[in-house]
Amino acid sequence: MAESNPNPLNNSPVESSSELPAMPATMPGDTGEMKRILEAVLLTAQQPLSVADLKKVFTQEISNDVMRVLLDELREDWVGRPAELMQLASGWRFRTRAEYLPYLERLNPETPPKYSRAVLETLAIIAYRQPVTRGDIEDIRGVTVATQIIKVLEERGWVDVVGHRDTPGRPALLATTKKFLDDLGLRSVTELPPLEQLNQTLELADAQ
Amino acid sequence: MAESNPNPLNNSPVESSSELPAMPATMPGDTGEMKRILEAVLLTAQQPLSVADLKKVFTQEISNDVMRVLLDELREDWVGRPAELMQLASGWRFRTRAEYLPYLERLNPETPPKYSRAVLETLAIIAYRQPVTRGDIEDIRGVTVATQIIKVLEERGWVDVVGHRDTPGRPALLATTKKFLDDLGLRSVTELPPLEQLNQTLELADAQ
Amino acid sequence: MIYGQPMAQMPLDLYIPPDAMAVMLDAFEGPLDLLLYLIRKANVNVLDIPMAPLTVQYLTYVEAMRTHNLELAADYLVMAAMLIEIKSRMLLPRAKVAAGEEVEDPRAELVRRLIEYEQMKLSAHRLNEMPQAERDFDWVEIWVEKSMLQRLPEVSVDDLKDAWSAILRQARLHTHHHIQREELSVREHMGLILRHLRDAGGFVEFVDMFDATLGASVLVVHFLAMLELAREHLLEITQAETFAPIYVRLADGRVKSESVE
């Protein structure tokens, strides 16, 4: 059962305790109640909440370390349950575990967005080569990039214009957003899957 | 409001759990997993879900009795946690417990409501001239005082009737309460800003 | 995917049925994608592309597309021109270069582009396999019944002062009424006395009205408040006979009759 650990505070083996200080003696208030407050706030959040946001919830001052311990414990409490507390680019939020999606879909059979190869390749280029202009994307893909493709990604909130390149026409520079990272469960673009090291072969051939 | 009864199950005549069979031996599948599925669905639901909705989630046929047992158990699992599983007229949904709302409020503070000028002036007269009758207040303000205004202050616990003046109609005498002082951070009404200066200004104006 | 079918040699002559062609054209994301397909299908090293057969094959595809009246993107023709140019440069005798200087392979730019494109193509595939909001999971967002949180207006001492000033400004227009000046402390004690009497049933012995521990000045104010209440007929102070206990009685007929009963 999900509730097999009814009092996780008592045996919380704080995951990353090696890097973090143990629960400090100066820990304010009742940590059980503090976790319940965090849980209430995170369960209702309409977007990921940053540690700064979460600190605002409490009247007393809470250090980043203490907040981190509480969040780690809360995440531990949800292990084995149908949702998980994620640390994302823009903060912390609960999401359902992937294995429950088929059930959710049965209730709400909206077809999830499926992107064409053109959209996915454009997204990959923006994600791995950001910031890029549409011209850069066209150079890499070898084809014209339809306005619609960029628009799909912008409307999803995954891509936006972060500036303009100082070249004739001042083309817009595109980059991925925090929402893109949040929606893929990532904290930063450095967590994207590494690029295939195809060019090693090239270097090898050059050496010959 | 539909949610006025915090525990509507205990007095629902038709479905009271005492009449329900214990978990039947024919219970399909793993009930722990079924509860987790229900939990995932209810944690993400945008609106209350009826038992019929919830049955759609499962591939296997589930009787109303079994569904009821699962939901009751799930609600039990959430006792002592910051949200509660509610049965409303239109179905089941999780709701944040009221005591955690002030914390959520701190995250997204809304501009607090304000009392009308009429309420504030009435309160000021009661505070500075207590004990006063409604007639006194009307004399000072020069306008009729709506019953609603006094009621707002009484319901707030800031004003109450301390007696009746021995004049025709035996009008109620109003005074401020200890709660009023507490809420305004005062130990006594003598800590209200002195009025001498204001009164002198008035007399000066009257003399002219 | 369409990769990974080894072929002994690149077929120089290749026939594609017309409807298959339409499907194939649809399957390619552009000339680079088509080239990669041809290269991978022939299982040749991308770094040592046999330009002549590749160009022939590419042109065969492009020609097939054209004859089937498929709308051919200009990008395919640009690539065709590029392939032909590279092929002809490969045929030219290599110019001698000074020692240490690199000889630029005419295919270098094409190879760089193919590799970068393939890298992005694979990354796109990987991104698509990652769990994605709405497609693979939903955000938890439970209900908040905001109406359960009763928000009451806040009032400060300054608000009261401002309200009072407003009343006074207004009062100038109504010169017929006077605002009495009295010690606020006396008025507060008037309220306290009335409340005390009310809570005690309207009838209290005089001595019980005073708490000696509050100090002389408070007692004086309290007494003044009692006298003021008597003057305003809000209470009665009675004594049955000399030296008998003095009683303070709320001058409130209803309360009095209740207390008598």
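Chains: A, B and C, in written order; residue numbering restarts at 1 for each.
The rule is simple: a residue touches a chain if its C-beta (ideal position, glycine included) is under 8 Å from a C-beta of that chain, and two chains touch if they have at least 3 such contacts.
This structure is a prediction, so every number in the text was calculated from the model and none was measured.
Chemist: Could you compare the number of C-beta pairs in contact for A-C with that for B-C and name the larger?
Modeler: If we tally the contacting C-beta pairs, B-C comes out ahead.
Chemist: Using CA atoms only, can you tell me which chain is the most central one in this structure?
Modeler: C
Chemist: With chain centres set to the mean of the C-alpha atoms, which chain is at the far end from subunit B?
Modeler: A
Chemist: Taking the mean of the CA coordinates per chain, how far is subunit A from subunit B in Å?
Modeler: Going by mean C-alpha positions, subunit A sits 36 Å from subunit B.
Chemist: Can you compute the centre-to-centre distance for subunit A and subunit C, using the mean CA position of each chain? Integer Å is fine.
Modeler: Once rounded, the distance between the two centres reads 14 Å.
Chemist: What is the distance in Å between the mean C-alpha positions of subunit B and subunit C?
Modeler: Taking the mean C-alpha position of each chain, the two centres sit 26 Å apart.
Chemist: Tell me, which residues of subunit A touch at least two other chains?
Modeler: As it turns out, subunit A has residues touching two or more other chains at 43-44, 83, 94, 96-97, 100, 104.
Chemist: So which bits of subunit C are touching at least two other chains?
Modeler: 138-144
Chemist: How about subunit C: which of its residues touch subunit A in the complex?
Modeler: It comes out as residues 29-33, 45-48, 73, 75, 79, 111-113, 115-128, 130-144.
Chemist: Inside the complex, what are the residues of subunit A that reach subunit B?
Modeler: Answer in residue numbers: 1-3, 36-37, 39-41, 43-44, 49, 53, 56-59, 81-83, 94, 96-97, 100, 103-104, 106-107.
Chemist: Where on subunit C is subunit B touching in the complex?
Modeler: Touch list, subunit C to subunit B: 138-149, 151-168, 170-175, 177, 179-181, 184-185, 187-188, 190-191, 194-195, 197-198, 232-234, 250-255.
Chemist: Hey, which residues of subunit B end up touching subunit C in the complex?
Modeler: Residues 1, 3, 43-44, 46, 83, 93-96, 98, 101-102, 104-105, 110, 112-115, 117, 120-121, 123-125, 127-131, 139-142, 156, 160, 162-167, 170, 173, 175-176, 183-186, 188-195, 198-199, 201-202, 205-206 of subunit B touch subunit C in their complex.
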